[in-house]
Amino acid sequence: MSSKKNYYKKKQQPPGTLIYTGNQTDEIQKLILTTYNKDKIIQKEINSIDEFVKEENLGIKWLDVIGLANVHSIEEIGQRLRIHKLILEDILNTRQRAKLEEYDDSLFLVIKKLYLLEDIEIDAKQISIIIKEDMVITFQEYGEDAFKSIKKRLKEGAYVRALGSDDLTYALVDYIVDGYFDIMETLSEEIDKAENELMDDPGKEILNRIYSLKRQIVFFRNTVWPVRDIANTLSRGEVKLIDQKTSYYFRDIYDHSIQVIELIETYRDTISGMMDIYLSSISSKTNEVMKILTIFSTIFIPLTFLAGVYGMNFIYFPELKWRYGYLGFWIVSIIITAAMIKYLKSKKWM
Amino acid sequence: MSSKKNYYKKKQQPPGTLIYTGNQTDEIQKLILTTYNKDKIIQKEINSIDEFVKEENLGIKWLDVIGLANVHSIEEIGQRLRIHKLILEDILNTRQRAKLEEYDDSLFLVIKKLYLLEDIEIDAKQISIIIKEDMVITFQEYGEDAFKSIKKRLKEGAYVRALGSDDLTYALVDYIVDGYFDIMETLSEEIDKAENELMDDPGKEILNRIYSLKRQIVFFRNTVWPVRDIANTLSRGEVKLIDQKTSYYFRDIYDHSIQVIELIETYRDTISGMMDIYLSSISSKTNEVMKILTIFSTIFIPLTFLAGVYGMNFIYFPELKWRYGYLGFWIVSIIITAAMIKYLKSKKWM
Amino acid sequence: MSSKKNYYKKKQQPPGTLIYTGNQTDEIQKLILTTYNKDKIIQKEINSIDEFVKEENLGIKWLDVIGLANVHSIEEIGQRLRIHKLILEDILNTRQRAKLEEYDDSLFLVIKKLYLLEDIEIDAKQISIIIKEDMVITFQEYGEDAFKSIKKRLKEGAYVRALGSDDLTYALVDYIVDGYFDIMETLSEEIDKAENELMDDPGKEILNRIYSLKRQIVFFRNTVWPVRDIANTLSRGEVKLIDQKTSYYFRDIYDHSIQVIELIETYRDTISGMMDIYLSSISSKTNEVMKILTIFSTIFIPLTFLAGVYGMNFIYFPELKWRYGYLGFWIVSIIITAAMIKYLKSKKWM
Amino acid sequence: MSSKKNYYKKKQQPPGTLIYTGNQTDEIQKLILTTYNKDKIIQKEINSIDEFVKEENLGIKWLDVIGLANVHSIEEIGQRLRIHKLILEDILNTRQRAKLEEYDDSLFLVIKKLYLLEDIEIDAKQISIIIKEDMVITFQEYGEDAFKSIKKRLKEGAYVRALGSDDLTYALVDYIVDGYFDIMETLSEEIDKAENELMDDPGKEILNRIYSLKRQIVFFRNTVWPVRDIANTLSRGEVKLIDQKTSYYFRDIYDHSIQVIELIETYRDTISGMMDIYLSSISSKTNEVMKILTIFSTIFIPLTFLAGVYGMNFIYFPELKWRYGYLGFWIVSIIITAAMIKYLKSKKWM
Amino acid sequence: MSSKKNYYKKKQQPPGTLIYTGNQTDEIQKLILTTYNKDKIIQKEINSIDEFVKEENLGIKWLDVIGLANVHSIEEIGQRLRIHKLILEDILNTRQRAKLEEYDDSLFLVIKKLYLLEDIEIDAKQISIIIKEDMVITFQEYGEDAFKSIKKRLKEGAYVRALGSDDLTYALVDYIVDGYFDIMETLSEEIDKAENELMDDPGKEILNRIYSLKRQIVFFRNTVWPVRDIANTLSRGEVKLIDQKTSYYFRDIYDHSIQVIELIETYRDTISGMMDIYLSSISSKTNEVMKILTIFSTIFIPLTFLAGVYGMNFIYFPELKWRYGYLGFWIVSIIITAAMIKYLKSKKWM
């Protein structure tokens, strides 16, 4: 909520004003430096951007900035590393769509890392990536480090480290896009679960679940959709700083994003089908309730009338005095009941 | 309503006839002159277009015409500043879609400034902008000055003032598009509110609210949609009078307009989902009402029949004379009731 | 109906056969000649195509042929003015979509003039326009002259008359497209009216109205849709016989056609929303009716049972002999009623 | 059904195997030769492909093969006239979509002739046309000759016979596409009829009719859709063997196919609107039934209770002994009834 | 389920790690070598990739790898035949969409062979095809050999064996796409069956069947959709390794895939129409049930009231003592019933 306030407050500022619009509430910031080549890797937390600039570049130098709320510090980083003012604005505005922008000497990439919260709600963390010839700078809000396992793997040598900044970028983006499949899996399981419940015994609460799943699916789709275009652009081998050979790999990410989108579209279809089924199941139930009511009513209403008739107090009322009047009443009642049941069975209501 | 009349009246005139089709009812007009360079800024209300032409151009000269109902005056401004007749027509016809037209020595831009009225109704004010090499002319209907805060910021130096007419245009358009987010925010809150009410206890009045929100969303979408194309054109750096460097900034506006459109589409989805939920909630309620009716009916109808039977006046009616006949009646009633309840529970209706 | 017959009869003829497929039932024909330049204008009804050919061309010569049923005469006009056989076919087949065709020395344009009949039904009159270097030939069915006011304005000098055949074409097309807005206005008012009625008290008759409005909207849309493409083509300045300068004006028509289409799409949306509201309002009403029924039933059914019990004729029936039995019955009845009302209120049904 | 079997049987054969997949059950085949120039025409049924090859070519030579089930004969025709194996396969597979393929020395065109069966079901007959420089070869299943009237007209000289193979092709395709309008007309009348019935008194049977119309419309649409693309290609004047001049005429076919498609789309819209109306009419009826039930119930249930009360057998029951008790009962009953009627009228249920 | 686990497990690995994500549970692998020319064919199961490499290439050499779970072996095959690492990854990830990738010296094709399981559920088996100048390598999971009949036909000479690797590829792809028609046929029959049942007597179970068919249709569509693009690319004759002449044949596959997609879209339409019909049939039934209830209620409720009246115990109750009171009661009852029946008939409820 407070982030929303920030967000719209920004909107009333002149363009070019740096304002942070995200969820982080303190100004904590962590700078993590990684520099490596085939043989060697240095990885350490540093205290200031100065330290980063001074550190020798072993081949590729990667600065991971964790924490965006300290606008002043971000501005300083921007000045020291000569980052375009528009890029800084976009980094701090954490409500961007994923996008790719080419600048003269760098590429700028915004992408969302998705997390699935406890109550099946998707949470997005904006990752900004600046790619230069031999340098990668990433920005993320403070919190769980989005690239923890990548750093670990780099250190352990699980990745080939002889490669350029485009390969590191590929590793980062691939990791994020792979994460989409995890979300997909959980959503898929939830949808399956909801589907089964729907088939068994749909209650009102299932509708809310379906509706909430639909919202997550729509949010997911909006997030992934622009990633497809980005991956497509990067895979065409026409982007500066992305090697032809690396672009083959981005084709893979492109495939994955299409796959995710196709799954999402299928799930949207499934969910709107579930809505239909829910609606029809309510109608069916109403129909069933009505049948029972009608069965009871049509059988007993004539009988009750008959009983009412013989409860009348007319003085000249011959049947009442008959020896087998009462027995006759029951016989007539049974005949009426049998006829009604037969009629109802002919209608397939019983 | 009267504006509508004007609007359609115009339609029966030969082309080229200047007729004002907006909502302004008097002919009040205000001309505000702003001229500035890096060091100096002059800002004043002037009385006639002559004054504007005579005033020295410090670098950029901006004429803001507030009030369109005085067609004669508009025509004079057009003649003095050599504005194409078609442009004048478009300025006075306040029901244009947003559009961008390139002329030989100028750009013509129509865009809508949106306001949200009290009762969540969107009101649009048409802004026409003519951009020349060193001059910007804006037209708006009389009323709240759409560019008040921009003028204030220019004066205070919050904007860099060394830049060209394209930068001023960017500032104006950016300001208007930023305003769209404010509308979005309020609409989003209204939709959330409606959604919560819908989940809690949907009444008939909620349907009207949803329907009215849908109309606002559609109106909003129609307004923003062409802005996207305009921003896209301006960001491609191929438009005369828009510098390559400035076009980077229009890319930002393009991103924003896409973001707004995406949000709008999501809200349309949400709203049509709400319609479904509303419909299903009515069905659910009917179902529940029916159940209650059926429960009461199926339990009491047989009992009433039984009571009716023993209210009959047959003379030969053995049960009536039994010692425990009455007690027996109650026992049978309780058994029937218990059986019915069990049956209804097996159907999950109780 | 008879025109439909004609229409399909044509379809079984070899191609190239001239057959009139419209609604005109007699063979009346009127030829109106207009020729003008800056200074002078001649306007008169003529009796034969010979007269037209002989008349001096003051600058632009316009032949308006009113009445298509006389196929022989149309064929003669075609031969005298060297009109392609395919064009003649299209002129006589009054069920064309709007279209634009470029021929070697002429442009051929088909467009629909729309009229709104009393019962909110749209009627279309096909206008065929042949544009040559210094000549315009128009064809329309006999009936109200579609270009009456244009002729009047030309005569009065309301239009600049120094311009070419493309400008006259613009005037004609602009006039027709402007007419679309009048239709739009009336449809819009009808939709608003229907909407209000729908909100107040939807009856069955409103559904038919909505449905009929929908059909008009769809017909309207199909008519206007191709006009957009035509205006777009003409505004691109790449069409022979249309001057670059005039093409600016066609941009205006293009804008108008897009505006109309956008409005139509909005109305389609509105109408399908109205269908939903109608459906939900029926459900709501059924729900309300059910509630009333259920309230009465659930309150009185137990009471009626109770009354039935004390109407039984058991001999050993202690309550009947109690001093305050009857009073007790009423007390119990009131308690049951109160409990039921409380229960129903807890369900928000009362 | 048997044709379906054939169809899928084919699918398990290696590619290049010629298998007939249509409905024809015997191997009857008719070869009709037509050859003509400006002055002369020869038209006769021939017995073998040899006869065709030997016959002098007067200018254009047209072979119409009627009957496809004799695969061997088709293969022989293919060999003698040097037809590509893929074309032969497509000719025999009568479940092709309409398509146009350019080969080195010929054009290959597949198109569907549509017939409307008695029970408003559309039947499609596949027509394959091979166009060469001075020769046209057509293939159709045995049955009613699809080109009977064209042959008659050619003989009678209703068509100009001095023209090339492209003009003959135009005549054939035009004739087929014109046939679509006949189908359209009948469908349109059926839809109108269904619409009227729907408005009057919708029964269950109308739903099946609507549903069946929808299927025909969808089938129609699938058939016509590719024809549009074919006509478009042929009208662009870039296809070998189709003269620039003739391509003007194909523009006409293109217009017609668009017109048909537009009508189809309108009918689809209409039909889905009819579904909505049907649904809402059921709801309306249920609503009306409920109202009647509720009116009777709410009026009589309290009265019945009252009657029940005075039917009780309490000994101490003062009202029973009142002189005007019975009269009072009726007065109270009438008051209750009047109150209920007033209440129901306030709800607009009566 | 376990395959799903595998699938997502992969996602947390660094890129380039080979992990099998399919359903095969053991590591069985079969290598089948086929090499042939016009005159001779060798076909045998081999034990190792070495054997394959050593075997003489008669003209075209085809290695069919059946069984993917043995990742180590796949990797070895990749190394010996110089297959790009990304291709190996894609082969092992059996959840790819169909795709076509051009590499420097080879084409890589992924396509799905579909099987229809007993319970009308579609099962997909991923086929990976690598095409080189004179070699084709295919990969499939262990189980039924997808290319059994192709191998048989090759041996029997049913295919011309003088052709290149592109022709073999065509045979493989054609065989797979032909299989889609079999699936289509069965689905089509199931849909017809469901449709008939729906028209006869729709029960709840039919809804589940429709819903399940819809899912299969959607899955089918997602599978076939990318095949269309692949066939289109291959048919354009611009892909290295695919001869111009062979590309004609791929045009055939393109046609088939479009045909399948069109049928699928029609079935989707049909199915959503069935949903509507199901819903409306429930409403109809409810309506009918309501009518019966209303008929009984409206007839008997007044009668029961009347009987109740004459069951009252008022002492001053003149009618009770009338000689023909009881007879009169019946006469009045019959009149009321007749009036009610007439009324109900006027409403067309009886």
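We just call them A, B, C, D and E in the order they show up, numbering each chain from 1.
Assume a residue touches a chain if its C-beta (ideal position, glycine included) is under 8 Å from a C-beta of that chain, and two chains touch if they have at least 3 such contacts.
Remember, it's a predicted structure, so these values are computed and weren't measured experimentally.
Relative orientation of chain A and chain D, expressed as the C-alpha superposition rotation angle, is 145° to the nearest 5. Mean C-alpha position of chain B lies 42 Å from that of chain E. Chain centres here are Cα means. That of chain D falls 26 Å from that of chain E.
The set of chain D residues touching two or more other chains comprises 279, 283, 286, 290, 293, 297, 301, 304, 308, 311-313, 317.
Chain contact topology: the protein chains form a single closed ring, every chain touching exactly two others.
Beginning the circuit at chain A and passing next to chain B, one meets the chains round the ring in the sequence A, B, C, D, E.
Remark: chain B residues 4, 7-8, 11-12, 14-16, 84, 86, 89-90, 95-97, 99, 101, 201, 204, 207-208, 211, 214-215, 218-219, 222, 275, 278-279, 282-283, 285-286, 288-290, 292-293, 296-297, 300-301, 303-304, 307-308, 310-313, 317, 319-326, 329 touch chain C in the complex. Remark: chain A residues 149, 153, 158-160, 170-171, 174, 178-179, 181-182, 185, 199, 248-249, 251-252, 255, 258-259, 262, 266, 269-270, 273, 276-277, 279-280, 283-284, 286-287, 290-291, 293-294, 297-298, 301-302, 304-305, 308-309, 311-318, 347-349 touch chain E in the complex.
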